[in-house]
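Here the structure is laid out as structure tokens; the discussion comes afterwards.
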Amino acid sequence: MRIVVTNCNTTRTMTEEIVRGARDAAAPGTTITGLTPAWGPQSAEGWLDSYLSAAAVLDTLRGHEEPYDAVVLAGFGEHGREGARELLDVPVVDITEAAAHLACLLGRRYGVVTTLDRTRGQIEDSLHAAGVAQNCAAVVGTGLGVLDLADSEVTVRAFLAAAERARDAGAEVLVLGCAGMTGLQEKVGAALDMPVVDGVAAAVKLAESLVGLGLTTSRAGGYAKPLPKARTWTRPSE
Amino acid sequence: MRIVVTNCNTTRTMTEEIVRGARDAAAPGTTITGLTPAWGPQSAEGWLDSYLSAAAVLDTLRGHEEPYDAVVLAGFGEHGREGARELLDVPVVDITEAAAHLACLLGRRYGVVTTLDRTRGQIEDSLHAAGVAQNCAAVVGTGLGVLDLADSEVTVRAFLAAAERARDAGAEVLVLGCAGMTGLQEKVGAALDMPVVDGVAAAVKLAESLVGLGLTTSRAGGYAKPLPKARTWTRPSE
Amino acid sequence: MRIVVTNCNTTRTMTEEIVRGARDAAAPGTTITGLTPAWGPQSAEGWLDSYLSAAAVLDTLRGHEEPYDAVVLAGFGEHGREGARELLDVPVVDITEAAAHLACLLGRRYGVVTTLDRTRGQIEDSLHAAGVAQNCAAVVGTGLGVLDLADSEVTVRAFLAAAERARDAGAEVLVLGCAGMTGLQEKVGAALDMPVVDGVAAAVKLAESLVGLGLTTSRAGGYAKPLPKARTWTRPSE
Amino acid sequence: MRIVVTNCNTTRTMTEEIVRGARDAAAPGTTITGLTPAWGPQSAEGWLDSYLSAAAVLDTLRGHEEPYDAVVLAGFGEHGREGARELLDVPVVDITEAAAHLACLLGRRYGVVTTLDRTRGQIEDSLHAAGVAQNCAAVVGTGLGVLDLADSEVTVRAFLAAAERARDAGAEVLVLGCAGMTGLQEKVGAALDMPVVDGVAAAVKLAESLVGLGLTTSRAGGYAKPLPKARTWTRPSE
Amino acid sequence: MRIVVTNCNTTRTMTEEIVRGARDAAAPGTTITGLTPAWGPQSAEGWLDSYLSAAAVLDTLRGHEEPYDAVVLAGFGEHGREGARELLDVPVVDITEAAAHLACLLGRRYGVVTTLDRTRGQIEDSLHAAGVAQNCAAVVGTGLGVLDLADSEVTVRAFLAAAERARDAGAEVLVLGCAGMTGLQEKVGAALDMPVVDGVAAAVKLAESLVGLGLTTSRAGGYAKPLPKARTWTRPSE
Amino acid sequence: MRIVVTNCNTTRTMTEEIVRGARDAAAPGTTITGLTPAWGPQSAEGWLDSYLSAAAVLDTLRGHEEPYDAVVLAGFGEHGREGARELLDVPVVDITEAAAHLACLLGRRYGVVTTLDRTRGQIEDSLHAAGVAQNCAAVVGTGLGVLDLADSEVTVRAFLAAAERARDAGAEVLVLGCAGMTGLQEKVGAALDMPVVDGVAAAVKLAESLVGLGLTTSRAGGYAKPLPKARTWTRPSE
């Protein structure tokens, strides 16, 4: 099984990290290919970045010609998911929804620990549209930007503080609220008595599940194929 | 990986059918063991049956001494799920929630096609508690009892008629709303232009996913271990 | 009018206490009979206990042959209610919903003060299914187990502390969240400027109301009579 | 026990009918006194009427000097309920909420059959504020005005047609959605296989229940006593 | 364009203040006329006042014979809105809903800072009925009565303290929760880094918008014209 | 006052039509400037188009150097709104939310009549995020594509048929669910007894209202300024 994992920003080291996380989660026969959009934001933190990222990711996907069986969208709370479902004939799994789906199986309420507080709205909307917002007790920011996550000691400390607030709000399970946090579940797991779900890993398993069962996106409603029409994907050179 | 799949009623032929469906879905390295409760209802269609079934299934699970890695509860809309999560240290996945989780990934709204209309309330409550009710467009009965599903021509016809009603209510994906329907997705798939999700298969994949990622039920809240106390699991003989 | 009040656990002293509470609430012409399940948990604190209790209570009710006019289920947040509605031709009132119904008439928001935090989920689900969750501001645990309630000084102190948290969350009325708290409303009433509703008392009054108006459970939908079929209510002796 | 039942319009024959319904429901020791507002609308069908009625009913209640133990507000979906709770030290029960509370105990979903379609909004809002809207499957109009209900053959026919629509929407229990329908439950009961709840009767039983348990409105929040201030209750004569 | 702005209480100085706020907001060609009900409460703080006010305001409006193009109802959280929509052929805008509509355009969540905590319930219900409650993060009381707002230093301090609590609850925009606060947005604006919306000003702009577009209340449903019938608007002199 | 109105697709004739609708609605002192994205889809009908459009519109806005006081986003149900709020210091009003805000003032429930059924999901999500979904009774498709709207006889017929379905679902007010329908309100108004709200016109009035009151987007939460970082807005030329 061949799964394509797309980063939603243009930072290649982050794609590598995401691919590492995806490979750790993948079943023996699954191959993971990483994609980095050729344009878009360096990191996505806010609505403007997210909308820019969505178009860039869709442009990248429509240009990707190697065959594959499923796509994982590795931007937590970022836009584009439904567009990819229209575009592609293979299953599309977004790490936001994926983490929430698995978290619902592990406890009555889950919490998301993310980067900056400003991204909470997008995450809430994304969970709502995916149909899994109901059991989300809280989305809590760590105050760290996407590209600040590298310094892992600071990250772990900020994560644990935010996790405490999620627990106070009723969370029994935690979700890593950024693709760049992939792998962190092991570092924080020891200090927390709660399961920690990584969206990248979760999305890989859900993509494998759908492919394994021969299931793909319904064409019978909102995710019908895009209509044929003129679309300009890039600013005309002046 | 060893997954135990429990039927929720005492009908052994149905356990066999469920095990067959589970094996079809399982990954190469996964072994499936079926359990049939030694007591309880012959089939579960209604609240009384469901509560009786819940106690019998929990009693069966607590007496099952072979080691295993995850449990699938194969009663659509039946009770007991949260009790199994308290009881066991391995992940527990119920076919009701499992089908809904995967269906959410395939379309904007899903519909459940089940047996008798009387079971709709239980299914709605089960989806609500699992946190995946929001995108359920409708739960529709076929008018067939659990043990009437065998005659597959009648079943297919009743399923297709009910599916039509679910589609009119907005469903873009269908869920087989009874463990006894496992396998039916292939028979109805040709006649419907929508993905059809079988809960047994979905639950096996989600159980494999959780085990694969080393995740299990949170003990940090509602699913803490049962307290030590006197419990009598069966009527004392007179 | 003859009302049967069933304890949901096997502790007879608790049945006696519940019967005392029910008799205090009953109208002059009402007789109260207590039932103690012959099997099940010693006390119900958690999902496993609750599902075990549900089957044991239903088994007890189906074996109870004296005539009566209504049943009160005296387990706060415990399962079984809908099964009893299918089983019996007389009205069935559960103390969870009963307390909430009366509390809604007394203030804009109510709070539930219960035993252990772990039971909050069940109570929330039970209120939701009963249709009266909307105006519940909070379900707060005292940290006391069901069988610890006897030591009333500790109980009163823990109750008042939990009541404060419910008030902070917006509660204007309190509900005693355990059958074993019946009678406590008088001990805490002096220290609180809020009405305190006891579910046992509330359920007796609602049962009297339904019987007085000649109303009983609808058979026109989810609570139709159980289908005739083979049901084994107890583990076969080995 | 002394219960005051207030009509919400100025039509005295309707007050008499309501008192008759209330007396049929009352327990042996309960006395029922009817009140007719001295001003207000002849019948209440719409928001304007309802707000006019609310002030007139509150004015009537504050001028009523005979002692009593509880008040029933007999205007289905009409305003004023929360004001009466502020004004009075005795329990206040509105027939809208009362019918819904009892209906929730009898089936999973209930439906309201009312007079003109234009009153549906008020009824929905009233049920929502009372915290019992969740399990309401539909509010259906018969097309008959409040004062047209007298001709009972037409009324029965219109009621049965509307009941059918409520059932199709999922109702398992029906509520008479107008004080002027009191008594109708017997005439339509034979033709319907569902329980039919009369709000006047339900409110009398709930008022008796609260008084019997020594419960009254909470002063700890929204229903605190009205502040002392200048209030002019009627237009100054010119 | 001629807009009538009705105070909801009998305090003329407050009408003047409201008219001042309305004129500050009005477009060049708009004339503002203030109305003070001839009867009703001196100030509205609670349900009783609100229902009394509703009837008095409707009585005042039906007696107002000068021609005008729209009405602004200047009672925050007070009743009567829907009745005025039935009564009048011109658009009716209530300051509660108006402030919320504009606030929704300025941030993801808004908060209301009002007078006494006891009015929170009415405000919540009014926002709900108007369809704009979803993004309201909190309704917070300052502890000041309507007629205490004059002392502006105390008012500003209390407002800022309450604003802090609204922000902690997630508000990104604030709404002045009392007609008597009109003008305060400038005094508190400097100290807060959030937009502050005055309902009087907002309602004037929305009324101008509707009139400018030739839109008025739908007669096709709940806001149909009041039925012709006998209505007594005042207590008969004894 | 200078308002910029951006089309969300690249079809210039549609921009002209939108500008015409905006000018018809604008107050005397308001100037309207139309923007057409230099890239993006020819028309937006579906998620892929909408995400492509969002990036193109944001790119167009960030490159627009003439001074202006507010922006209207003229894509019904299209993405980008929140990104524009981050990007710009002036108020941003989207035609989807604008139409809904005004519709809520005119009736208890509104309905949206749009182009293809496939766009319903986006519209529902957009209304939800804007906080005005609650009173939306239905989003109904006409079956016409965005660029098919020109043939107005067919359009009127399809609109009226869809309007009937919205009314049956409870709508008392209609919303034109596509920027390309602007002006249609007059053609269908005669045949319908309901107010019809055009989003372009509504957004102009709301933008004027915000500017008139000196209000702009809150920076205190989700709509903080975009962080400084590297962003590539278009595919690098190869």
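When the chains are written out, they are named A, B, C, D, E and F in that same order, and each has its own residue count from 1.
Assume a residue touches a chain if its C-beta (ideal position, glycine included) is under 8 Å from a C-beta of that chain, and two chains touch if they have at least 3 such contacts.
Since the structure is predicted, the reported quantities are computational estimates derived from the model, not experimental observations.
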Which neighbours do chain E and chain F have in common? none
How would the chain D/chain E interface be labelled, same or different, where same requires over half of its residue numbers to be shared? same
Greatest Cα-centre separation from chain F belongs to chain C
List the centre-to-centre spacing of chain D and chain F in whole Å, with centres computed as mean CA coordinates. 44
Roughly how many whole angstrom separate the Cα centroids of chain B and chain C? 29
Distance between the centres, which are taken as Cα means, of chain F and chain C, whole angstrom: 52
Residues of chain D engaged with two or more neighbouring chains: 82, 108, 121, 128, 221-223
Graph class of chain-chain contacts, one of line, ring, star, complete, other: ring
What order do the chains sit in around the ring if I start at chain B and move toward chain C? B, C, D, E, F, A
Can you list the residues on chain E that touch chain D in the complex? 10, 38-43, 45-52, 54-56, 58-59, 79-80, 82-83, 85-87, 117-118, 120-122, 125, 128-129, 145, 221-224, 226-227, 229-237
Which of the residues in chain F come into contact with chain E in the complex? 25, 27, 82, 91-93, 97, 101-102, 104-109, 128, 130-135, 167, 170, 172-173, 193-195, 197-198, 201-202, 205-206, 208-210, 212-213, 215-223
